[in-house]
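For reference, the structure is listed below as structure tokens.
Which chain is which? They are A, B, C and D, in the order written, and residues in each are numbered from 1.
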């Protein structure tokens, strides 16, 4: 029975691509996403065509027990979860405070912060019992600095980063590697950036900035995700950043 | 009509003491706290005995519309809110993940993060219309680093800090001064530290560490809160820390 | 005999203005700067006209023993140094690496980092013996993030910030308050900004941005410097930032 | 002609081990260290026995032109420097300010900060002309927080970190990948930790903490160094940390 790489937020960008990489490396990729069953099935098929194992689930992570039940099912029916890719985002674009509803603010927290807490509560005891595991968390610039219009996103991601540190403090000595991967730039991802921009603009961006490697490429990001998951326990990375060579780092102005 | 200093979390520690300081400086102190009506009334009486103006309200900030309605009432009946002291804490002591319930985690967020968001949504439009205001947020070490057992507290305070930055980015140019005051140490506060330790231990701590100024003294903290609220708009402080001279800074090991 | 406020870098901006503030508050202001004897004398006269005490010295801080001898002289002839304002800057404008000479890089370090080390070595034992003192260090955005063209400045200020933390860790428990004051924006200072821009541009900037309080005003900054020096030892601030309400914080892009 | 991996600080810990890793991956390892010719030759022999290419040089990096001349020689006689491993440390153990000489403080800066500046001035134009290169900088906890007794080390490493950011800001768009690798813990390295502790204590530490993977293992660190050097230009990491699973992160107290 293969170990499982459990991906939350397995769209056609970081999540799905990282899942596919782990499938190639011998994991059973369990791919969860909220919608687009066709896209999910297509990704499962691609992985199987490559000789890998994958199972897809539609899951709305904010539903009561959705995460908890899915983990239980996977552990029982598919295999032990050795790696978690927590890839749920909460970016809703820039909105001034007046346009940020209480509902949107709460939803950001439910997806980005509370979901990771629930996942950790569910999976850490299992990993601890087995002597270890890896939880790789995709993060964003908003986790380290708030910017205008990012009320919901920054509060949610800032809480998430601190949660990663508390999880690391409690669970690293028990063999669970928690890593906070700060994605500082636009990702070449049709399901997130593509939807935010619309097909026209996204196509243009790919042909200009993307053609010069100015967009983070998910398949290249996956190499680093896999490396982090493979680090020997004497040399674990807890935090790292990723950005295109041509992008300005978040702490610099142009 | 005096300008109002609106204190959320006005116990017998930082909140109440800062409110009293602002009352001495000419503000009407509006003191809100969840419980202990006797303590609240006693504080109001002390302020009045000193010749100041104060009004106390019991308020459970997580109740629907509690913040929103209280702000509306105060603006209508007492005066314009010029200064907010957001002093709601979410420290529940160290708890391993297994002992941190989903309810406790959510409550931390409702008090520390969501409450500030609701407050800001309510009060910022009023301040903006009047050309300015001040929102001073008491924060904790957990806002800048997660530690073992601090899952709820760190996630809540980390989100709060990022929210302070997003509020600053949007509202500083509109004359609203948001300050994040990181309290890095134990405060000589009967309502928080005193309750966590119990009367015996708290008395002993005061007689030892406290006698040497090793506990932050609320009346001295209030001097800095008032200074920050008094800064000229060409020289605003957004973040500062406060700790006793004899304490080890959070970034240092003993 | 009045306590001394010893200012290194006492030009007509932050340094001189802070010195003047301390003179008004009862200190003997000892003003040291590298050049412009006329400006120095004028400032001393202004302070004396206000009824304060001040003495000016020309000093090239990088000269061997210049700092050490000046401290010894002041302690012997003028009074005990209770407060130090370390205000030597090392900004040389943006220069690409190829245009940053080894000499310029070293000079930045000698002014911004090594000078503070030498000052601390000289004055801390005296302060410690007297039970305390204050060292307020003017810092810059370059202390917390490197930006293009800031090779010399950022390396020097980054080292300075870490030095402030090591000094704080050793000397706070001994009663010496070290504060790192991050000035995040353009200061309305003829001797620094004025010289970098030239008289025309500086005049124009003052009439536009400055007229709207978009430049940090030294006399307003001095209020905060004095407040920090006055904090009770149970509530010391080690780090704070200062910027105009209308400026974008360093961690935000426009 | 193989590309060169140029290692400054190639002792029997991180530097030498990372050099050996790059030699295995097809680079000519140029190993520079200040002393221990026998150790240097032994390492060169090991690499050659493995079928790799290596050349060793004794070099005192603080000597005038030592770095500049060595780079020129290597580029002319051995091959183009594609990767630099800047591994010069400046840890001298904890010393109170009174025991930290001006000479020691300056030496820390010369090794940790100025040496990297000189190296960058020498090698960046060559890399830029060739379209790219990698500069991997070993760093320490002292780069992000000053601690008691670390006056020299923290000032030097803090300056170094800011220098890495300025170099990144200028040269990343030109294809030069600068990475700051924060080593947050004790490394199983006979030439540094071994010498600081002495043979008895070091042996004991290896048998206790080391046996449980509580010391960072250089050959495992080398995997991450090589991964960082291999990242696609659309996904570069500028900062990451490395620590043993069983160690407390620098931002946590025990």
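Note that in this section a contact is a pair of C-beta atoms (placed from the backbone, for glycine too) under 8 Å apart; a residue touches a chain by one contact, two chains touch by 3 or more.
Small disclaimer: the values here were computed from a predicted structure and weren't measured.
J.: What's the chain with its C-alpha centre farthest out from subunit C?
T.: Greatest centre separation from subunit C goes to chain A.
J.: Would you mind pulling out the distance in Å between where the CA atoms of subunit B average out and where those of subunit D do?
T.: Chain centres of subunit B and subunit D, defined by C-alpha means, are spaced 45 Å apart.
J.: Using mean CA coordinates as chain centres, what's the gap between subunit B and subunit C in Å?
T.: Taking the mean C-alpha position of each chain, the two centres sit 32 Å apart.
J.: Would you pick out the residues of subunit D that each touch at least 2 other chains?
T.: Those would be 145, 147-148, 165, 168-169, 248, 251-252.
J.: Quick one: label the inter-chain contact graph as line, ring, star, complete or other.
T.: Graph shape here is complete: every pair of chains touches.
J.: Across the complex, what residues on subunit D touch subunit A?
T.: Within the complex, subunit D touches subunit A at residues 165, 168-169, 172-173, 175, 177, 188, 213-217, 220-221, 223-224, 227, 230-246, 248-249, 251-252.
J.: Considering only the defined contacts, which subunit C positions touch subunit D in the complex?
T.: Touching subunit D: residues 96-98, 100, 102, 105-106, 109, 113-114, 117-118, 120-121, 124-125, 142-143, 145-151, 154-171 of subunit C.
J.: Name, in rising order, each residue of subunit D that touches subunit B in their complex.
T.: 144-145, 147-148, 248, 250-254
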